[in-house]
Amino acid sequence: MNKNLKEQVLRSSGVNVLKCMRCGKCSGTCPSYDEMEYHPHQFVYMVEKGDIDTLMNSNSVYKCLTCFACVERCPRGVEPAKVVEAVRLAAVRQQGSNHLSPVQIPDMLDEDLPQQAIVTAFRKYAK
Amino acid sequence: MQVNDNNFQPVIVAFCCNWCSYAGADLSGTNRLNYPTNVKIIRVPCSCRVNPMFILRAFQKGADGVIICGCHPGDCHYTSGNYYTRRRITLLYSMLDFLGIERNRTRLEWVSAAEGAKFAATMQQFTEDVRKLGPNRRLEDLRCRKQ
Amino acid sequence: MQETMIKRAKELLADGTVSRVIGWKKGEFAYDTTPAVFETAEELDRDFAFDDFTAANVSKYLVKESRKEGKILAFLKPCDTYSFNQLIKEHRVIRENVYIIGIPGGPKLDAEKIKAKGITGILGIKNENYTLKIETLYGTETMPFYEAICGKCESCKSKKHVIYDELIGEDGDILDSNRFDTVEKLENMTAQERFDFWREQLSKCIRCNACRNVCPACTCEKCVFDNPKSGIENKAASDSFEENLFHIIRAFHVAGRCTDCGECSRVCPQNIPLHLLNRKFIKDINELYGEYQAGADTVSRSPITDYTPDDCEPSVVHERGVE
Amino acid sequence: MQRIGVFVCHCGTNIAATVDVKAVAEALSHEPGVVISQDYQYMCSESGQNLVKDAIKEHKLTGVVVCSCSPRMHENTFRKAAASVGLNPYLVEIANIREQCSWIHKDIATATDKAVILGKAAVAKVHLNAPLTAGESPVAKRALVIGGGIAGIQTALDIAEAGFDVDIVEKKSTIGGKMAQIDKTFPTLDCAACILTPKMVEASQNEHITIHSFSEVSEVKGFVGNFTVTIKKKARYVDEVKCTGCGACVEKCPMKKVPNEFNEGLDNRHAVYIPFAQAVPKVATIDPNYCMMLKNGKCGICSKVCTAGAIDYKQQDRFIEQKYGAIIVATGFNPINLDKYDEFAYNQCPDVVTSLELERLMNAAGPNGGTLLRPSDKTHPHTIVFVQCVGSRCDDEKGKPYCSKICCMYTAKHAMLIREKYPDTEVYVFYIDVRTPGKNFDEFYRRAVEQYNVHYIKGMVGKVTPKSDGKIDVQASDLLSNEQLHINADMVVLAAAIEPDKTARPLATMLTTQMDTNDFFTEAHPKLRPVESATAGIFLSGACQGPKDIPETVAQASAAAAKAIGLLVKNSITCNPCVAHSDELLCNGCSSCEKVCPYGAITYQDKEFRMPDRTTAIRRVASVNPAVCQGCGACTVACPSGAMDLNGFSNSQIMAEVDAICK
Amino acid sequence: MKTFTYYPGCTLRTKAKDLDAYARSCAEALGIALEEPADWQCCGGAYTTAKDEIATKLSAVRTLNAAKQAGNPLVTVCSACHNVIKQTNYDISRDEDMAQKVNNYLKLDEAYTGETTVYHYLEMLRDVVGFDNIKSKVTKPLKGKKIAAYYGCLLLRPAKILAMDNPENPTIMEDFIKAIGGTPVIYAQRNECCGGYITMEDKAQAVKRSSAVMNSAADMGADMVITACPLCLYNLKKNSGSQIPVYYFTELLAEALGLKEDTNE
């Protein structure tokens, strides 16, 4: 249990994970569920337990689309997407932990790809 | 004039109606919700029992803040008592404001029997507000001051 | 005007319609015309006066007078009729025992304002085309009429009689008065300025009770301030808060009932603008609960004994004006 | 000279842990008039009470102050103790040093200081207490039950059984309520109609029971034992007495496209209707929103076919006034509106239904005659998904924060019934928790799983996608296998949260009873007085007080009846003596007090008075009817002269408390 | 004529010029003046919900403040920009701590605390212009066209903040389709994510998501799909493998208003 990290994630997300009643609706609604190793309800529960390193090291943090379906549908107002974002930020803010670097970009481009995708990806994956 | 004396302990009189707010105060006790000891509660059957005389009397005798709590409008045990309270107290508070008494020394809050948490939070906030204002600058007579 | 009134009063006495007349009589000086009851034609001829100094509101006397044997004739100025109506609403006067003749209102004069000009030894005062010719022991002085009128007449709210049995002269209209200007000015001051203003004013109070005794709304059988059982009785101030408590409670007790006749300030020997307290309540009532004029009728419910479920909360006080 | 005794309670450690009770007793012993000041471990215990009683006798006390828990807890206890040894009970005052002191403060020094001040205030008040004697007021021997569901019916039957007259006011055209719509009941699976309809008939035939169907309470005045209620009998355009319930009008009515509320809108009824075959009273009702005759005067067929001549297009709402001693609220519940839960596609897909709709779909008297068919295409569903907790246990503005309590059991029932009748149908239940506290309840749920192979999946449905082929894709989480499922379903059943009926809130205002934030009526005590409201004479029956299943509802209904009977058997009840009174010598007769009195307790008389100058004068003075006055005190503030004062909370008493606190 | 401050956003200047051009020509035809602020910056594409993120919110606040200075409401047409700006505006008006930090950075003459009203172009059409009004101005109605509105995630959620429509059963685009003469197609995936920026990280996932959306629309018989977001358009066109055409809603609006030829040159 990493107490400091847990506090940082709670503060940064502004989410009260204790409100979760473990219904799993977030995971029932998540469009990225199958791509994730840890699912939205697990994010909430593992942050509560303080098991944050595991989440930070998992590819799951980069699979969340921030589509807010879990936020909108959570019956307890827990906002799992904000927890995911806080964990992802905790990961990419570490020195040299950017998930996306500018040198990768040219290979990803095609003629129609909107700028929006690039700036959003950088905002999500890098610091 | 604001006095930021942290040691200042204001005297606060709270009038609570028997049916909602007094029960709400009891509930905040039952739930062990803390609020400052400065608050002393006087039980009245209904907020409409609170005569402006009582409020002025409190200020006369040294109170630094007066708060009245009653049932939410529409929920009065006596149907309409708190509606009269609302008019009377609005006018009285407006008059006290007109006379230069700080607005935060007087308050009217609706607290139901179920709102123990609201009662405690209200009392905490009110005490804090009054504490910030410092001791009540009473409506004293200038002639007395000169002597 | 005075002659017409005396003539009509004598007629009503003679035909038995009334047994007494309430009006004003001449005083020792030219400016101290005071309310009086007359029972005979002789008394009327000798003492009855109606001049520029008949500002006093006689309606309060009718609380007692209307309960006596026989009917009484009352001469009421427009502002006085509001007070009388309000007393009817509160069952304080017996309407059937009063014969009301509506008479024209002011502006009336305030002797204090003449004296304030340094004019002393007054023997007689004449109004010539709105210039006052003042005969004094030391010769004749002049001053503009409007500089000497009563405070209450400066912001006259109505020239209309709201109740009467007959009229002498013509009825007027409800005026668009500026009576809330001073209240508004005070409201726009800072809390400290208001505090200082009222400290200054209320500290002058000598608790002579003139304001209460003259007030047509203060007709309690026994005033709480005179009643040892009330818990707030106090003839002499026990502490420096006392006078304030008296004036606030008094204003609150007449809130929704005060017709804004202005008698309290007129009679105050210390010139405290007490009417501003009453007007503050009237202004708040008008703004928060809708326009209401006490005494305009005899049936409507006073706003303070009324409510609507969606009345404003007291926090409205915090949202208005200046802290 | 007053002789006052002060008694400081430790309440075990509840008070003594944070308040130095000995110091409080010692401090108060120096207050004027105090002749004895003691502390004791449990003042409310018998020996504690004896301590008080002995002191009253020994010291000839004229006033008692008990520093203890809230007066809402034990004021009566100590008043009775005082009365038992001859001290007027209203000479006892309580200083609340537990709920409003020891329990909320942590620092012993400041808490003790506060307790002393609260004690001083009580001593100051008791100095001015006057002995009061409670008056009596008569009890009207008739009860009113508001709501004619199973709760209201049971309460009415029990009260009638005791021999008292009782009226049921039901807003719908028949009694029966929600239970009449239900197919089978858990955990016994017996037919709801078979056990309900005999009770409905019994109610209609009981000589003590009057049923006002299609009626509403429009005004309530008075107080316990003495309520005056105005009942609005809504125009049904059919003479209830003449109508035989033959149904000829219904058959011939040409307006056939009216959504049938009884079947939750799953089929249609006529503009003139009898909700169901066993309706009580079995009387037709014309729906003015659809009747052509009432809308534009063109039709009149029902009137022509009615041999009893019962149709009356000119009928108006009628108002009747009745006196009651007790009122029982049984306004029941409704499922919530699911507009905010469109991730479940309730508004887009007819095959997504609520559980109550499913009851009708499965009921023999329902739209499909008891065969479970999909509403969209009337085909037999092979895969059905149940979703639990739709709108229950929510912490957002869409749903309700509470557990609706009945859903777990009725869902198990539905699942079981479907599997029993249609073994080829797969049933999935998505649950968060399965809550089955109740006799034979968990066994019932286990049977659904073990005997009927219902698939219970711990998880929640996230998205329901209706498809063009009529199938429904249900996307959900399975938390135990940690996977996201897609079930290709034919029907989805949503266990919608239940909420109090919308008429409850305005009714509570009329009755001056309290409600919680969810609009459930608040009971007088959550544990010890569960069927009484805090307002004397108003009792609570069934789901209006909180979610309940049928057995619990019936239990509470009978309990409420017992409480009401306890009131009705009395010939009179003791009045609260803490009422207003007017000092005639001070009264101006100005009517201010009369205007603010909510009970009309104040009247005026012209009385003759001797004046100080030995003359007599007639004055108009107020007097208060102590049986009608409820003691709110509104009049006391309206009175400028201070003539009007309140027993037990007089101006001088309250000011004495203010002085003691501010000193 | 009502004036709005108009924020096009980066993509409308490059890959989504059509979206921009049609938005401008239609606004003019509908009596709305769009004023672009002098120098705007990219909004960042996604709102960072983290409470300790300040720098990523500055550009949105600059835009909001530009509208406040101009005294206009702010309108955006790209769903992503709209989402970022509206969420920023919501938070800055409620989160005092954040407002203070942001204002400390920006050093504006007067602190910005959420005074600007933010509209999406669709909201402007519904609430300011009025769909009935549009209907009356349509010269070439899209009669017989079965059009599926694609909301995606950004336009509706979080519903409490965007306050645009019912997030689970929206009607604004369907009403728009009716106004331009088309027939709306309701399908369940219209408010589910297209995959968004994941196309950079995980093509397969983007393919999966956008296929799900397009299949759902096709299943319900759509002739075409409309969207307000360039990234959605990209995913639905490029990654879904579907043959159903995808348009910006502004393009159809321009077509219905008879403006398409003028702007397409």
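All chains are identified by letter, namely A, B, C, D and E, in their written order; residue positions are counted from 1 within each chain.
Heads up, the rule we're going with is that a residue touches a chain if its C-beta (ideal position, glycine included) is under 8 Å from a C-beta of that chain, and two chains touch if they have at least 3 such contacts.
Here the structure is a predicted model, which means the values were calculated and not measured.
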{"item": "Neighbouring chains common to chain B and chain D, by label", "value": "C"}
{"item": "Starting at chain D, fewest touch steps before arriving at chain E", "value": "1"}
{"item": "Selected interface, A-D versus B-C, where C-beta contact pairs are more numerous", "value": "B-C"}
{"item": "Longest centre-to-centre distance from chain C, chain (CA-based)", "value": "A"}
{"item": "Gap in Å, rounded to a whole number, between the CA centres of chain D and chain A", "value": "46"}
{"item": "Whole-Å gap separating chain A and chain E, where each centre is the average of the chain's CA atoms", "value": "24"}
{"item": "Euclidean distance of C-alpha centroids - chain C vs chain D, Å", "value": "54"}
{"item": "Centre-to-centre distance between chain E and chain C (centres being mean Cα positions), rounded to whole Å", "value": "68"}
{"item": "Shared-contact residues (touching 2 or more other chains) in chain D", "value": "343, 463, 596, 638, 651, 655"}
{"item": "Residues within chain C bordering two or more other chains", "value": "224, 231-232, 304-306"}
{"item": "For chain B, residues contacting two or more additional chains", "value": "52-53, 57, 74, 80, 84, 88"}
{"item": "Touching pairs among all chains present in the structure", "value": "A-D, A-E, B-C, B-D, C-D, D-E"}
{"item": "List of chain B residues in touch with chain C within their complex", "value": "1, 52-53, 56-57, 59-60, 73-74, 80, 83-84, 86-103, 106-108, 137-145"}
{"item": "Chain B-facing residues of chain C, complex", "value": "183, 186-187, 191-200, 202-203, 224, 231-232, 237, 239-245, 248-249, 251-252, 255, 277, 280-281, 284-285, 288-289, 303-309, 311-314, 316-318, 321, 323"}
{"item": "Chain C residues touching chain D - in the complex, by the definition given at the top", "value": "67, 90-92, 219-224, 227, 229-232, 253-254, 301-302, 304-306"}
{"item": "List of chain D residues in touch with chain A within their complex", "value": "343, 389, 391, 393-396, 398-399, 430, 432, 458-463, 475-477, 479, 482, 484"}
{"item": "Parts of chain D lying in touch with chain C, wherever the complex brings them together", "value": "585-592, 595-596, 604, 617-620, 638, 640-643, 651-652, 655-656"}
